[in-house]
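Below is one structure, written out as C-alpha cells; comments come after it.
Naming follows writing order (A, B, C and D), and every chain is counted from residue 1.
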Amino acid sequence: MILIREVEESIALKYSENKMRCPTHLCIGQEAISSGVSLNLRPIDTVVSTHRSHGHYLGKGGNLGKMIAEIYGKTDGCSKGYGGSMHLIDLDVNFMGSTAIVGNSMPVGVGLALSSKLENYKSISCIYFGEGCTEEGIFSESINFAIVSNLPALFVCENNFYSVYSDLKPRQPKNRKIHKMVSAMGIKTFYADGNKVLDVYKTTNKAIKYIKKYKKPVFLEFATYRWREHCGPNYDNSIGYRTEKEFAKWKNKDPINEFKNYLVKNKIINANLIDKFYLSTNRKVARAFKFAEKSNFPSEKDLFKNIYA
Amino acid sequence: MILIREVEESIALKYSENKMRCPTHLCIGQEAISSGVSLNLRPIDTVVSTHRSHGHYLGKGGNLGKMIAEIYGKTDGCSKGYGGSMHLIDLDVNFMGSTAIVGNSMPVGVGLALSSKLENYKSISCIYFGEGCTEEGIFSESINFAIVSNLPALFVCENNFYSVYSDLKPRQPKNRKIHKMVSAMGIKTFYADGNKVLDVYKTTNKAIKYIKKYKKPVFLEFATYRWREHCGPNYDNSIGYRTEKEFAKWKNKDPINEFKNYLVKNKIINANLIDKFYLSTNRKVARAFKFAEKSNFPSEKDLFKNIYA
Amino acid sequence: MPKLRIIKFHESINEAMTIAMKSNRKVLCFGLGVDDPKRIFNTTKNLKEKFGANRVFDTPTSENAMTGVGIGLSLQGYLPVMVHQRFDFFLLAMDQLVNGAAKWFYMFGGQKNVPITIRLIVGRGWGQGPTHSQSLHSWFAHIPGLKVVMPSSAHDAKGLLLSSIFDKNPVIFIEHRWLHNTTSFVPKEKYFIPLSKSNIVKKGSDITIVANSYMTLEAIKASEFLEINKISIEIIDLRTISPIDYSTIYKSVKKTKKLLVLDISNEKFGIAAEIVSNITINLFKYLKIPPAIIASPNAPTPTSFALTKNFYPTHKEIIIKIFEMNNRKLNKNNIPKNKNLHDVPGEWFKGPF
Amino acid sequence: MPKLRIIKFHESINEAMTIAMKSNRKVLCFGLGVDDPKRIFNTTKNLKEKFGANRVFDTPTSENAMTGVGIGLSLQGYLPVMVHQRFDFFLLAMDQLVNGAAKWFYMFGGQKNVPITIRLIVGRGWGQGPTHSQSLHSWFAHIPGLKVVMPSSAHDAKGLLLSSIFDKNPVIFIEHRWLHNTTSFVPKEKYFIPLSKSNIVKKGSDITIVANSYMTLEAIKASEFLEINKISIEIIDLRTISPIDYSTIYKSVKKTKKLLVLDISNEKFGIAAEIVSNITINLFKYLKIPPAIIASPNAPTPTSFALTKNFYPTHKEIIIKIFEMNNRKLNKNNIPKNKNLHDVPGEWFKGPF
C-alpha cells in the first residue's frame, strides 16, 4: 500500500519533466483496495485491469522497474514501450493485462476464469474495474456468463463515485447499490469500505473461500475516492466538478493513515518500523526511476515488430 | 388476439407457396401479450419491436394489408418491400419500427421516450423484446438510461424460454427472475402470466398509470410460449430441442381458448358471437392476402432509392 | 486410381473442426447454436458428442463479451473457434475485436498472442435483407493484427480452417452461406492450406481476375463461356484477404496486363479498391487498359425478391465486362442463364433461414 | 476593410454548436463530458448554460445504447449531436450505427430519416497509443447511408458542422485532436459549407494532392517549400469523405496528370486506395505516372515517444514523394524542420490528454 502510494506520488512529482509521455491515471487514495485484494491472491491467480491499474499491477507483485520504464516508453518496460501506463502486463506474476477502453478487459478476465475452470479450477481470475464500467453493456454480459458457467471469477468494483469529471447523477440512479443490483443477477456479492485495508482484506478472503467452495463467481464492491485528477499528476478540485469539502472528507479517511493508526494503536508494529519501511520503499522507488531513465528507447523500426505473431 | 392468430396461421399456411421470401418469425401462442399491452396504448404512444413483431404491429393497429404486402416484398408493403417481415413500420399508428438484430431497437425506443419527455411526457414509448435480449449488453444500458433520465418507457419482455433452439440453461442462471433482476437496477417491475390476456391487460394498465404518475419507466415480464419453429411456418417439436410434453402443456394454456372460455363462462359474450367474429376476421385476412398478391413488385432500379434522405 | 472423395463445404468445415479438436485438446468451439439441432448448418455436427460440453458450448446472446472470453481463453493457450450465424451480429463485438484481439500481441510488446478464430457466415438470398447479409471484410482487412480468410470451395475450407485455427493470430474466417452446399474434392486426412497465399484457380493469358469467396464460383462459371469464346482468363482466388498475397497477383498481371477484381461486398471503399490501387501503383506500366471492379451495388441489401434481382453480380456481368475489356462484341443472349431463381443458390436452400 | 476574424478550431466548433442550438430547438448535444469543466476541449463551452440541461447532457458510459437513443430522438424530428472524446470508444456502437442509423431510411422504405450527427475526436501524440488514436473513417465510408465529414480548418469546421447537423442523414464528423488549436478566418455569422463537395485549398499545375483532415495542413506546409522549388501542387481537401466528390478530383487530375493521396489512417485497405482506384479506373489515360499514397504505417499506434517518431507522415515525406514523382533531385537537409517534438502539435498540447 505504501509502495503504491509512494510510486504514484513519485510519478506525480516527475510527470512535469515531460519524460513520461502517455496518459497516466493515478490511484492515490484508492490503494487499500489493490493491497487488500492482492494479499489474497496466489501467484497462479490471474489479474486483468483498466486504465487505472498501477496499484493492481504492483499489488499482484508486478515488477516496479518495468512499470516505470513502461511509462517512460523504454525497451525495459513491461510492455516494451508499446503500451504505456494504460497497458501493463507482467506474466511472471500472472498480471495478464490492463486495457484502456472502459469494460474492455472484463470479458477477457472472464475468459481467463473459464480457462481455469477447464483446468479444474486451478486459479482464480481477479477482474478490476470502476463503477463507471457498470454502465457498459459488456459489464452485465461478462457477469452473466460467469454466473451461468460457474466460473472462478472475482469481480472487484472500485466505486470512487466519479467517471472522469462526472459524478453519479447523470449515470446511475440515486439509490442504486451496485452490489445489490448485481446480486439480483444471481451472484454472491460483498460490500466494504474500500479505504480500510483490513476490511478489504477480510472481505476478499471470504469471497475467495466462497469461490473455492462453491465453484462460483463473487462480486465485490468497495467504496473509495480518487485524490488527484482523473488523468494526470495534479489536483483538480479547483475546476469545480467536486467540492473541496468532499475531498477533505475522503482525505481524512486516507487508507494509509487509517491503517498506520490501526497498527500503531494496536501495537502491532511501532511507528519507527513504519518509518523504516518508508525509507526502504523510497529507495526502491528511486531505483525504479533510475532504472527507467537509464533504459534505452526502442528503435523507430521496431514499430513494425509484433504486429503478427 | 384472434386477428393476430388468424393472420399468423394464414402466413404459415401459405408460406410454402414460396411467395413470401423472407425470414419470418411467427408469434402463435404469444398473442395475449401484444393484445393485452396494446389495448392500453393510445395512438400517440410509440412502439418498437424485434424480429417477432407481427403481433405488436397488428396490436398497435398497424395496417394488415400493408404488413402482408411487406412480407410478399411488394410496393404496397409497409416498408415498400425493403424491410420484409423483420422490418415493419406503420407511422400512422406510431409503430416506429421493428428490427432484426437482438436488442437493436431497445435504445431506439428509449430515445423515443426521451423525445416524449422533452415534450412534456406527451406519449409513452413501448419497447418489446424477448428474454434472449436481456443477455445483450444493450439491454442493461438502455434500461439504465431510462431509469436515470426518468423516461416514460414501457419495457415489455416476452419470456418464451427459448432463443432460437436454446433453452435458458446455457444463457441465464437457473433461479433468475428477470423482473427481479431488473428491479434491482432501480425500476418498477411487474410480472404476469403472458397467456392470460386479462392479466396482461391489467398489469399493463397498472404500469401505465405508474409511468404517468411518477414519470418513470416500468418493466414488464410476461411468461409465454412460442408454438411454431423459431423462424418459419412449421412445427419443430420433432427436432429435439424441446419436448412434446412441454409443448402440450403450453398448448393447453392457449391464450385464445383461455380467453374464449372466460368470456363464455362469465356470459360476457356467447359462443355464437365469437364464431361470427372469426368469420369476419377471416374475411379480413383473406382480403389482406389478396391485396398483397395483387400489389406490384418494386422495380429493380428502386434498389438505389432512399439510400440517402 | 481411387475415386476422388467429393463432399460438401459444410461437411468439410465439420471435418476441419473435428480434426482440429481431436488433434489438440485446447481447441474449443462456441457460439449461439453450435450444439443445437441445426448445428450451424451442419458445420458443428457431432462435435459436442465427440468432445463434450466443456469444449463445445452454446452461449448467451452476448457477442461482445463472448469475444473477450475467447481472448481470455487464448491467453492461456486455448484455441477458441467462435461461430456467428450471421456476419451482421458480430458488429456488436468490434471493441473486443479491434481494441482487444487485434492489438493484444502488439500493445503488450509481443508477449501474448491471441490465436482466436472467428467464423462468420454471410447471408444471401430469400430476403435476408439489410441486416442479415452484410460482409464487411474490408473493415477487418484495414486493421493491422487481424487475418481475414475467405474460402471459396469445400477443399479450401478444410485446409484454410485448419490453418486458421492453428494460426497464432486472430483470424476472421468468412463463409458465404451459398457455399455451404457446394461440393469439391476434399482429402480425408488433415491438411493445411497456408494463409496469405492465394490460389490460381485457372490459368489464363488474356486477363487476370482476382476473386474471393462466392465470387470465385461466378468467375469459374464465366470462364467456361469465355473459353468457348476464346478468351482465356486467369482466376486468382485470394483465399486470404489480409495480409494479402500480392506476389501472385503481380505475376499474373505482368503476364495478362489486364485486371478485373471481384468482391461480394459493395464496391465503395471496399477491398477491390485496395487491390486495384496497389496494382496500379506498383505495376502501372504493365497495365494495358484501366483495371475494373465488379462488386455489389453501393446500397444496403433490400429484402424484396424483386429488388434483389440485380443486386448480386453473376457470371453474366463478369462475361460482359470481360468482353468489353478485351474489345470484343458480345451477343448477351448467348450467355447461359442460371437455372435457379436469383435469390436461391439451388433447391437445397429454401425457406426462411 | 474590416479585419478578418481569426479564431481557433475549437471555438469554431463551439460557434457552430451554439448557432445550431439557437436556431433550432430540436438540436441536442450529448455525450460523456459535454457539460463537464473541460467541455470536450472547449467545444461545448457554455452550451449547457445557454440551452439548459434538457438539451445538453452528460450520459452513462453506454456508447451503444446512447447511439440508439440518438436514433430514437431523430425519429421524432430531433437533431442530436453526439460527442465522443475518442474515435476508439465509438467502436462499441457499430451495431447501432451500421445496422440501425445507416439503414433506417432505406429499410423502412424511405419513411423516416435519421438526422443524427456523431462527433468523433481522433487522438494523436503524447503516447495516446493503440486504443486512443485510431481513425477508422474508411469503415464508415464503406457503409451506404452514412456521410463522413473530416474538416481541416476552423473555417471549414464551422460551416461543415452546421451542414452536418442540419443534414437529413446520419453524419460522422471527425475532428483531429491536433486541429483543435489551429486558427483561421471564421465569419461570425451562420454559414453552411455543402457536404460532398471538396475544396481546392491551393491551385497548382504539376500534381494533384488529395488530402483530408490534418493531412491538409501538412500538404500546405509542404507546398511552401515546393513553391520555392518551382513545383506547383494542387491541394484538394476532401472535406467530405463519403459520399465523395470525385468531379473536383477528376478535373484536377485531368490537368495535372499526377495524383498523390494522403490519409491520417493506415494505408492498407484505407480510403486512399478507393481514391487511387477510382481515378485509375476512370482517368487511366490521363495519368502520366502511377498514383501514390502517403498514410500511416500498417501498424497499431505504439505508445513510446521513440516508436512514434516516424509514425505520422509530415510535410517532409510529402515533399520527398513529390520531388520523386516529378523526377527532381532533392537535398533532404533543405526541408524545413518542425520546431516541436514529433509527438505534440505545439506548446498548448502537453500532458496526458
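Just so it is clear, a contact is a pair of C-beta atoms (placed from the backbone, for glycine too) under 8 Å apart; a residue touches a chain by one contact, two chains touch by 3 or more.
From a predicted model like this one, the values you see are computed outputs, not experimental measurements.
Chemist: If you check the contacts of chain B and chain D, which chains show up for both?
Modeler: A, C
Chemist: So what's the Cα centroid distance for chain A and chain D, whole Å?
Modeler: That gives a centre separation of 36 Å.
Chemist: Give, as an integer number of Å, the spacing between the C-alpha centres of chain B and chain A.
Modeler: Taking the mean C-alpha position of each chain, the two centres sit 45 Å apart.
Chemist: When the C-alpha atoms of chain C and chain D are each averaged to a single point, how far apart are the two points in Å?
Modeler: 32
Chemist: I'd like the Å distance between the centres of chain A and chain C, where a centre is the mean of that chain's Cα atoms.
Modeler: 42
Chemist: Considering chain B alone, which of its residues make contact with at least two other chains?
Modeler: Within chain B, the residues that touch at least two other chains are 77, 79, 81-83, 87, 99, 101, 104, 135-138, 141, 144, 148, 170-172, 307.
Chemist: By the touch rule stated above, which residues of chain D touch at least two different other chains?
Modeler: Those would be 59-60, 62, 64-65, 88, 91-92, 95, 99, 106-107, 129-131, 144-145, 298-300, 302-303.
Chemist: Touch graph of the chains shown: is it line, ring, star, complete or other?
Modeler: If you draw each chain as a dot and join those that touch, every dot ends up joined to every other.
Chemist: For the complex, give me every residue of chain A touching chain D.
Modeler: Touch residues, chain A against chain D: 15, 18, 21-24, 73-74, 77, 79, 81-87, 99-104, 132-133, 135-138, 163-166, 170-172, 231-232, 239-241, 297-300, 302-304, 307.
Chemist: Which residues of chain C touch chain B in the complex?
Modeler: Result: residues 32-33, 36-38, 57-65, 88-89, 91-92, 126-132, 297-300, 302-311, 343, 350-353 of chain C touch chain B.
Chemist: Write out the stretch or stretches of chain C touching chain A in their complex.
Modeler: My answer: residues 54, 59-60, 62, 64-78, 95-96, 99-100, 104-113, 115, 144-145, 147, 168-169, 243.
Chemist: Provide the residue numbers of chain A that touch chain B in the complex, in ascending order.
Modeler: Spelled out, the residues of chain A in touch with chain B are 135-141, 144, 147-148, 170-173, 175-176, 180-181, 183-186.
Chemist: In the complex of these two chains, what residues of chain B are touching chain D?
Modeler: Residues in contact with chain D: 48, 77-83, 87, 89, 91, 96-97, 99, 101, 104-116, 118, 125, 137-138, 141-142, 144-145, 148, 305-309.
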